[in-house]
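Structures incoming, each one as structure tokens.
Okay, so chain A shows up in both of these, paired with chain B first and chain C after.
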Partner chain A sequence: MNEEEYRQSGWQVVLTSELRRLWLGRWGPLLLLVFSIFLSVYIVILAADPEMNVLSQRMIINQTIQVTELVGIVAVLLLGADSFSGERDRGSLESLLLTPVPRGQLVIGKLLALLSLWLGMIPIAIPYIALVARGTDVAMASLVLLVIGGTLLVGLSAAVGVLVSGLSPTNLMSFAFAVGVMLLLVAPTQLPAGVRDSPIVDWLVVSNPITAVDRYQSAVIDGGAWTNGVWLLLSPLIALALAFGLGPRFLNNRLSLHGGFRP
Partner chain B sequence: MNAGICAGARHLHAGAVTARGVERCLAARRRLLPVCLILLIGLLLFVLAPVTGARNSPTDATVSVQISKESAALAAAEWMEFDTVLRNNGATATPPLVVHLAIAALEKGRYVDPEDWSPQRTQYLPPLQPGESVRLPWRLLALNEGAFVTFVTVVSAEESFPPAVSASLRLQVAPDDILPLKDVIPVAAVVPLFPLALLVFAVAHTRRMAATRTDR
Partner chain C sequence: MHDVVLNAQGIAKSYGQIQALDGLTLEVRAGEILGLLGPNGAGKTTAIRVMTTILPASRGHFTVMGVPDSRPEEIRALIGVLPESNGFPLAMTGADFLIYMGRLYGQSATRAETKATELLSLLGLENARRARITTYSRGMKQRLMIARSLVNDPKLLFLDEPTLGLDPKGQQEMLQRIREAAEVKRVAVILSSHSLEVVEAICHRVLILNRGRVIAQGSVAEITRRVAVPHACRIQFPAEAVPKALSVLSAMAGVTVERHANRLDELIVSFQGTRDDADMNAVVQHLIQAGVPIQAFSRESVRLSDAFLSMIAEVQT
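Showing the complex of A and B:
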């Protein structure tokens, strides 16, 4: 492969290398194992705890999807936050930056590799979602919602993680900043119902990708039509498009050995 | 009064005050005194009875409570509905009433939190007129499996009102059929085996690659 070919399809080389490192280097399977054990413990507690009977089956389905997505978001965010700053800390970023691959393509390759973790999580989550949704008319809808909503949110968290990691001088700073951003986005889901009714908070909820997806999922699982609140997916779609479209361009000029915002 | 009796004795004996006449007069006084005392006490009791006796005697309003079901079999996490009909069988209006739903487990040690079983366990009613009846709906969430009993009690802020209790509604709650443990355990146990197998494969692959590099 000559230098021009590297420039055009360098992201594929990075993606292949990252996939090999993720899936054959234990991290991917280990994270999937932790994810499946977490879901197993969660569902056993759900079944065994009589207090959980207060929830209706649809609430249990919605909650299970949310928990699955949240674990996906956190796992991909942490891996994303390690992507460049981790290499900085380990001293391997210099050799990566010296390759003839444009830095924006390095970012794309790493982003797509991170998404493969979510693609591994989906088939593991399916039996759990199918179990809680069995006997309802939203069993198939739950799985579709998991794929759509989860992919949007996990993609976004991967982009946040990689972007923060590309700019952070250390891994610790990268983790702290990435987790802080995601906590800010997740926080409105915990607002009491009374507060959510105010117009300003409602606007914030709709424009926040995480709360917007949460609201759409809840509406569909509660029996609403797929098309009724589909506009709620606009904010996560726009955020994802911006993150994947502008993120690599932004980092193309700014990804450096020491981090920071300077091009 | 004694003078009057003695005057009467004098009149009986045609104006002659004799020793026998005086004796008769005193005897009449002795007989009349207890009678007067009994009459006086009776009069006092009659006058004061509504004041002193009201606290402990029940009013004549009698409320009956009928429950629409005697028993029910349902699964945990299932909702059920039933009605109670309150009727004032008395001749006067009742005071304002408080109707309360109670739930108890029939097995010792079985956990019951009534707040979780029913979102509305107390209903407040205005006075019921004689012969008037009112139907009250109740919703109940069978939260735990086991044998339970629920009943409705009618009380009032007015202390004289005698509490009324409905017949009991017996609930037999089967285990939760939304997420039974017997279905959950196999999924929870088997699914982690797949990523575990993948992890074992990844570790074996890494070791094999390391061994190949060492051989070279």
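Showing the complex of A and C:
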């Protein structure tokens, strides 16, 4: 195949351009820098604060993983929420929509580019997790949990951001709606233990991808087997599959110049 | 047969209760330039957005080179568009933007780069190819967007205000490029503009829209013939002869005389209810017989702008 015969699919062209924009522009490197500073400060506080010493080492590991995932979720969510509505606000979306690339492929390209941010965050988080988990038998498990759980949740967050952005008429509305959805999903992690005992709340916890991943990670880090409660990963897996499988298809018919549900 | 590039039948577009476009039917052939005219809110941009597949039509259908509007991706591969909203990814350079667009049209990296270089040179942006778009002036951005509309060698080109932001020289060059695209490459062009001079200068046919409806369609000559604009001429005299000329002309039946707003030695003579050239000859004869020296004589032709304003006023009353 010579160069003239080589053709990329539309999503690959969008992905390449978005990767260049993210990593050669200011956002990617800046976010990674802020993330590494944040993690350093967080670990120092955990290690230095005597009050924190009442937490067991396993709890600290779990919290570090959760915080890392949360930062990834929020960063990807906000970038995702800017993906289409930002172009809409800046007036550059029409140019993109005028190309023969199906809308669904534009969505896939932008979605995959967002995930690269998480791929950049994982290597930064690994030494910190390894540091807090040193001397325990869950050091390796912690890293695997971070990769699996984080990828599921960050992927879902990217999909929510892009989906909301594709439908929102303005960037402001997109940010507000995306943050609102994510707060709704994160809120149950803050419920007091007593409330969590109720069967309805329990059902909500296992069907909410964020709380389900949180519960599974806690169970494994607390010494449980990998298989113990692995079914908790079902809801994030299903949500991610739906978001990646149906999201681009949904937006393929609805991604429009002015936003909204109608094409 | 497929000289017909665009065929639109009864296209309508409504936003809730607002009818932005109502029953647009038109045909554009290869090498033809169609001017789309209308006051603000007439439906020009909506018409372009529907025919470029950006907005779905509420009613009606259209084909581009025989491809029906049910296959929008194929249509988009055939058309080039200078859209109304011309925002850019500002962090990109002009060359990168065109290469990106070329790749989205399925071009290889080499082909996209060659095309970008060619277009930047054609539009006079070769020196700014490596500069970020954020540093471009308004005119340069307009040129870049026009280059973007040509990146896929379109068969049908939609240009929404192509001379906007360009200096007079740039405007002339732009019109020349559009003419060349139509004449040499046989590209069909739909040009929407508020500048009636631009439309009059290069369009083979004109379509006038008002409140979403077509109120006139035809060549510039056909459109201007339909309008009952007074038949008139301008006559220039030595300054001292103007009062005598005024009294001679005022005495003639069916003639209205007025002074030119800026030139004291010029009179504008209008003939009511007639388009007969004999009237003009009679005016000249009367003046000569009365011994009024004439320095210059010119017939006032009906311009597209007169026709446009007259039609819009007629529809609105």
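Everything below uses one rule, namely that the second predicted complex is superposed on the first by the 255 of 263 C-alpha atoms of A that agree within 3 Å, B and C clash if a C-alpha of one lies under 4 Å from a C-alpha of the other, contacts with A are read in each partner's own complex, and residues count from 1 in each chain.
The rule is short, and it goes like this: a contact is a pair of C-beta atoms (placed from the backbone, for glycine too) under 8 Å apart; a residue touches a chain by one contact, two chains touch by 3 or more.
Note that the structure is predicted; figures quoted are calculated from it, not measured.
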Task = Name the contact category of A:Pro102: first (chain B only), second (chain C only), both, or neither.
result = second
Request  = Check the residue A:Gly10 against both partner chains and state whether it touches chain B (first), chain C (second), both, or neither.
outcome  = second
Inquiry  = A:Gly25 in the overlay: touching chain B, chain C, both, or neither? Say first, second, both or neither.
reply    = both
Touched partner set for A:Glu94, first chain B, second chain C, both or neither = second
Task = With the two complexes superposed on chain A, say which partner A:Val44 touches: chain B (first), chain C (second), both, or neither.
result = first
Query = After superposition on the shared chain, which partner residues are touched by A:Leu257: those of chain B (first), chain C (second), both, or neither?
reply = second
Request  = Answer with first, second, both or neither: which of chain B and chain C does A:Gln57 touch in the superposed model?
outcome  = first
Note = Note: overlapping chain A surface for chain B and chain C spans 25
Request  = Could you please specify the touching residues of chain C with respect to chain A in the complex?
outcome  = 49, 52, 54-56, 73-74, 76-77, 79, 81, 83-92, 100-101, 103-106, 108-111, 145, 148
Request  = Flag every residue of chain A that touches chain C in the complex, lowest number first.
outcome  = 3-8, 10, 13-14, 17, 21, 25, 87, 90-102, 256-257, 263
Ask   = Can you list the chain A residues touching chain B in their complex?
value = 23-26, 28-30, 32-33, 35-37, 39-41, 43-44, 46-48, 50-54, 56-57, 60, 120, 124, 127-128, 131-132, 135
Ask   = In their shared complex, at which residues does chain B touch chain A?
value = 76-77, 111, 116, 141-145, 176, 178-181, 183-185, 187-189, 191-192, 194-196, 198-199, 201-203, 205-206
